[in-house]
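Chain nomenclature is as follows: A, B, C, D and E, assigned in order of appearance, with residue numbering initiated at 1 for each chain independently.
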Amino acid sequence: MSTASRVDAVDCVPSQRSHEDTDRAHSTGLVVTGLRHAYRELTVLDLDAFTIAPADRHAIIGPNGAGKSTLLNLLAGTVRPTTGRITYNGQVITRRRAGWRARAGIGRTFQHPTVYPGLTVLDCVRMGGYHHRRNPEHTPEQWLDLVGLAGYAQQLAGELAHGHRRMLDLAVALAGQPRVLLLDEPAAGLTDTETTRLLDILTGLPGWMAMVLVEHDMAVVTALADWITVLHHGRRVTDGPADLVRADPTVRALYLGAPETAHAAHR
Amino acid sequence: MNANVQTTAGRALPLTRAGLPWAAPGLAALALGAVTVSPDAYLHASVARMLPLALLAVSVAIVTGHAGLPTLGQVAPYAAGAYTTARLAFAGVTLAPAHLLAAALAGAVTAGLLGAVLVRHRGTVVLMLSLAVAELTAITAGQWRAVSGGTDGLAGIPATYLLPGMPPLVADRPVLLYTATITIAATTAAMLLLRRWRMLLTATRDNEGRARASGHPVNAYLLAVHTGAGAVAGVAGALLIHTHRWITPADVGFSTAALALLAVVIGGTRSLPGAAIGALIVLGVRDVVAAPWPGHAPLLLGSAFVVAVYLLPGGLAAIPQRVSAAVGRVRQSARHTPRPAERTPT
Amino acid sequence: MLRIGELTVGYEPDAPVLHTVSMALPPNGVHAIVGPNGAGKTTLLHTIAGHLRPTTGYVMLDGHDITGIRTVRAARAGIALAPQGRRLWSSLTVRDHLTMTRPGAATAQEQGCGWGVDDLLEVFPALAARLHHRADQLSGGEQQMLTLARALRLAPRLLLCDEPTEGLAPTVADRIRAVLTDLPRHGVTVLVTLPQTRAATGLAHTVHVLTAGRLSDPVDPTTEHTEDLIRRHLGLTTDTEPPPRTERTTVRACHRPPTHGWHPPSQTPTPIVTRKGDQS
Amino acid sequence: TSSAPRADTIRIGLLVSLTGTYTTVGQDMQRGFRLYLDTHDKKLGGRTVDLVVADEGDGPATAVPAAQKLLERDRVVAVTGLVGGATVDKVQTLTTQRRIPLLGANARPAFGPVAGKPRDLAYTWHTSYNSDEPGIAIAEHVKAQVGDGAVYAIGPNYQGGWDELRGFTDTFTKLGGRLANPDGKTLFTPFPATENFLPYLNKAAESEPKAVYTFYAGGASVAFVKQYRQSDLRSVPLYAAGFLTEGPVLSAQGAAATGIRNVLNYSPTLANAANQDFVAAWSAAGHPGQPTTYAMASYDAAAVLDRALSAVDGQVTGEKLNAAIGQVGRVVSPRGDWQFHPREHRPVQRWYLREVKPDGPVLSNMVVQDLTTLPAN
Amino acid sequence: MDAYLMQTVDGIAYGLLLAIAAAGLTLAFGAGGVLNLAHGTLIAAGGYVAAATSTGTWGSLTVAVLAATAAGAAGGGLLAVATAPLTGRGHLDQALLTFGVALIGADLLTTVYGPDTLRPRLPAALETTITVGGHRYPTDRLAVLAAAVLVAVGGYVLLHRTRAGRLIRATVDDRQMVAGIGINPRAVDAAVLIASGALAGLAGALSTPILGVGPGTADTTLLLSLIIVVCGGLGSVPGAVAAALAVGLVQTLAVVTTPALAPYLLVGAMAVMLLARRAPQPGGVRG
């Protein structure tokens, strides 16, 4: 675990967020304090403070294995933190299970979506909204229509192509009518057209909904996020408004690489 | 994408799809009716004797197939129902409705308590924990002599009465009628309830993480199903007493549990009527078919298991689907000319 | 190298996913398939790798008919698949994955070179730090790297990569693209599916477009209007057109904060469970 | 087989374990019954016998369906055999209901009340014994041997074990004997799960008993005897109900069994003429080893039926046959002559003290002395 | 205290005896994912073969061990053929099939060898006892103890240290990708069942001199083996040995210290062992 390129030495950099944002998060959003998660002796996440206020469009980027998915899992309640505290709407929810948090409005998608292979696509979406008051404006069929899967409504979810599963996962998450939406690489494996559609869907969501976006596709991040946190080895390297972070030389060296190589012409 | 074409084609015929779950209980009821009408008392007694295990298998199918927890532990609520019934009968309460109610309650409570532990686990661990439950049930029944009469069990349990003033249920034909009615009613009720829960349970089995992330209290679902299945097992226990009027600890032990689970596999894990019919097949092979070859019942039973595995992939429940698929294939090959065998390697 | 003719493949009898697909790949190149989600890219690669049997058509590798051969034989013939969705052995460690997979004897000799475990770890330093972790303990990107590393370790003659850069950080994705571009020089033919047109044109010698189970003629990405051409291929045959801009307003409209059930959080903390029937 | 038997043919049901734990016993009982038939022209009471064999399996779960088939399908006039006590307990209600005599040849349980009324035993007979009788029969001898010393009692934890051990300990303590078991209670080992007896035996050795009394049968007895000789108890005299060393288990135990003193109602070495014929017929039939008490009791059941059937005139019915069984009087038997106890419907018979000794190349349970006659009238 | 030492030694020896019995199942079910309910029957078959072959000389003992192992391997081969069409159909179907095979096998064994309990004859040197710390202890158990250590070490090396062991586990995880690296998963399945059958046969030859072999042997050993394999954490040799030792100690130390609880101890201990393992955090952690 020691190569020159590692920034292990970097301690968790304090968050740059303004006090107003943080205060808002304390009363009506998600607040994480002193969160640490370790598998045996390996610490994969260590965040001093991290806040999501309503209406936040918060992107988390970082190299593979930085702990991004782990952070989402911790927020969603899929895994328990080793130490630390999570509050939501001012209430401590660290010990609450995933199901409770989902009913309370924390929805999520998965990095490797499988949804429910044995249910039809439509039933999958129904299951997503099962715990919520039926809302004539948001029928399962409408959610399917929104993500472009209306034609597959009666197909088994297990028979969907990979990209379609990802969109279905999103529809299921949206059907849960979340107030905080945790998205784990929603654009991975999507084609250009589907990515455009995804962006349309996400930007079209109600403004008050908070969104935590983990994504490697910087185009998507730029289009959506107004705040970016960069993680590395489970710690915050930097955070700030999107354009500032993108310009940050550490982030470039660590994560983005030279902008030209990304889609450089062959030969 | 022509998704619509793709989804409707090649699936089971719509008729079998909708009617399938109900065809089996209907047929079973018909068959039982025929047996009841027949004059053969031996047949009546034999079938009546098998029905409690059939209902136990239904309860196992609920837990194994629908909740996705392979279990040998349903003999515990079965035992609770049976011994409650037996003790009530000895205490002078001989009304069948009271027995059924008390047994269902005892079964549900037992299964609820056990379920609180079991539903936290999955797969093989559940299987082994429930095996422990089965063993402990039989051991406890053997040791608790005041209730169970020791390892030799209880005999001469007073007969039950359907209603006050009616003759006791002892003759073979009425017992069969009564047992069959209760078995079919309980199975149907369970099927109706499970239909409402189908989506939730499929989701839970398929992808628990996703289900939790959509707010589903997965363990609570499983506990509810486990408890409900316990009530069914309790009723099965009451029927055991009503048909046999005796019980030994071995009847609520591992071997009974194993037979019930195998019956469920033969029936096709998720099909409740399939499980019941599977149980009738298993006991029929062991007690009736094998009778002319004393000492070789295990051989025949084993062969039946082997044959079932090879000839019935997916169990009895999959037969209609496989038939309709075969019909589809025949139709298909009639329409299309077979694809050219030769490939042109240029 | 690889010739495919008139291939029809489906999961259910009368609903083919690929319709009479034909293509010929010259050896030693990087060939890309692009197409919308659900077009059948994965299906095509799985058919070549022997995971699926075609209903009609043939697949030929170096003049040998390999139609419908089993996966084992395909692997021994030098075809390696880096599948979509990782398909790792979850109870084995990273090291196990790499040491267990061995270069197919025939191909290794022909090639005179293979990927050693150390070479692979150099390409994927993230894996080096996780050598003794089980595959199901890896992050998504690390799993993707391992999938590729395992396929490379087999020293194949034909490498099938199903969306190899999915979920990888930009720097790692770059490195993988570099590796793939370099492979033809060692006598490896690469067939890669990519969802994004730009990624494909930046990488491949030829690009095929697959839409709704039908494959276009190869497009040469070095010519000027490549991307337009591909667009046209996609646009002409897809019924899942990029949504017209007007649709965006309908999306918006459908997301007015609802009046009940899904209401915007107020400033005062509310009871948070929004279960059915909680508020009446 | 459901056609009505011819007038001079009668059908008899033999229900024995042919699968499961007690297969050895069941097989011996079948051999014993058939031996009688074969040596008597396949006739009982002058009538040709159609013997219908059914499998009792491991207990009532399989035995009751089999019994039901014998009664309802085959319409037998008597049911005999029955290895397990629990089976007898359950099948007895069926046979009684249909007025068919049940002539058990092995276990005889305590027959609890039916629906609050004492069990009707009019149609129930046994050619064997009550499970507590071996212990009762040997207690006095053991007391005399150990004097003031204490005896350690150990047995399997199920009804059969409880009965066998209770017979010994109750009588023994009534005679003033003392149990070496720490709390004065018999040690019961899990049944049939126990295969490692060494820990129990070594533990028992700590209480330094003068002798050990036990009852095991079948596979467990092999393990028990072998491990007894490997334990710290190895030189403490071992007394047992005779089933411990009865039949084929003895050859599996081998030398470890030598010197075990045990009690039973039969030994193949008994010197009476009936036994000599019986043993000779047994060997002539090609059966391995020596006959056992199980085979003998079943042989006697055939003998009882033979005598009873010769007393029945015309069509044989369950009632007539049952009445005739009550009148058979003295039965000449390889175990020595015996007769039914008028109320209890089981033999009043002599019990023997036996010791395992080499008998030529093989081990055998040689009679050492007569003990007592039970049940005392 | 001294007495407990003796019981502990016996617990360890008995536990290792059980570990041998469970070895084949550890390989087949734990590592290879085949729920083989015919395992007990294979052990019984090995026991019968050994009992029929051994006459009390060292030479015949060697022959008996080899013959039993071969018989077990043959049985395993048969099972491999029988289960081959079931790949991908889940544990319950395997359970149904192998249970059927077990019933048939048990019937055949009693038909051939009779229902009596048999015991292989051992050379005199193994039938005696030796003195350990003032107590006498049977030699045959010490011999089994030594054999168990060999089997355990061999099994550990095979399963946890060789490519073959990894292949077995990989085949359970994703057979198609095993085929994708050029190895036939069916061959792996067959090899696993044959090796596991051979181990079962060997276990039969080693355990029957002590416990005897009869109609009940198959069920008892199957149950104990299942307990050990599952409690040991499916496919882990050190885990299985630890579980076997735990069961051995429970069956020796605990049963004599608390005889009143003896009937409950074995399954009770199993339940505790299973419950003590942290309930798995069910799927979905991997996003």
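One rule holds for everything that comes next: a contact is a pair of C-beta atoms (placed from the backbone, for glycine too) under 8 Å apart; a residue touches a chain by one contact, two chains touch by 3 or more.
What you are looking at is a predicted structure, and each value in this text was computed from that prediction instead of being measured.
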Least step count from chain A to chain B, where 1 means the two chains touch: 1
Tell me, please, which chain's centre (mean of its C-alpha atoms) is farthest from the centre of chain C? D
Where the centre means the average of the CA atoms, what chain is farthest from chain A? D
Chain C and chain D have mean C-alpha positions lying a whole-number Å distance apart equal to 75
Between chain C and chain A, distance of the C-alpha-averaged centres to the nearest whole Å: 23
For chain B versus chain E, what separation do you get between their C-alpha means, in angstrom? 31
Between chain B and chain C, what is the separation of their C-alpha centroids in Å? 45
Send over the residues of chain E in touch with two or more other chains. 107, 263, 284-287
Where chain C touches two or more other chains, by residue: 38-39, 140, 240
Chain D residues touching 2+ other chains are 19, 23, 157, 190
Which part of chain D faces chain B closely enough to touch in the complex? 1, 18-19, 23, 53-55, 57-62, 64-66, 68-69, 72-73, 85-86, 89-90, 92-93, 109, 112-116, 119, 157-159, 162, 190
Contact set on chain C toward chain E in their complex: 49-51, 70-72, 74-76, 80-81, 83, 87-92, 96, 99-102, 104, 136, 140, 150, 154
In the complex formed with chain E, which residues of chain B make contact? 64, 70, 117, 120-122, 124-125, 127-129, 131-132, 135-136, 139, 142-143, 207-210, 212-213, 218, 258, 261-262, 264-266, 269, 296, 298-299, 301-306, 308-310, 313
In the complex of these two chains, what residues of chain E are touching chain C? 163, 166-167, 169-170, 172-174, 176-185, 286-287
Could you pull out which chain A residues touch chain C in their complex? 1, 3, 5, 27-28, 39, 54, 62-66, 68-69, 88-91, 100, 103-105, 111-112, 131-135, 137-138, 142, 146, 148, 159-164, 167, 177, 179, 184-185, 188-197, 200-201, 204-206, 208, 216, 218, 254-257, 261-266
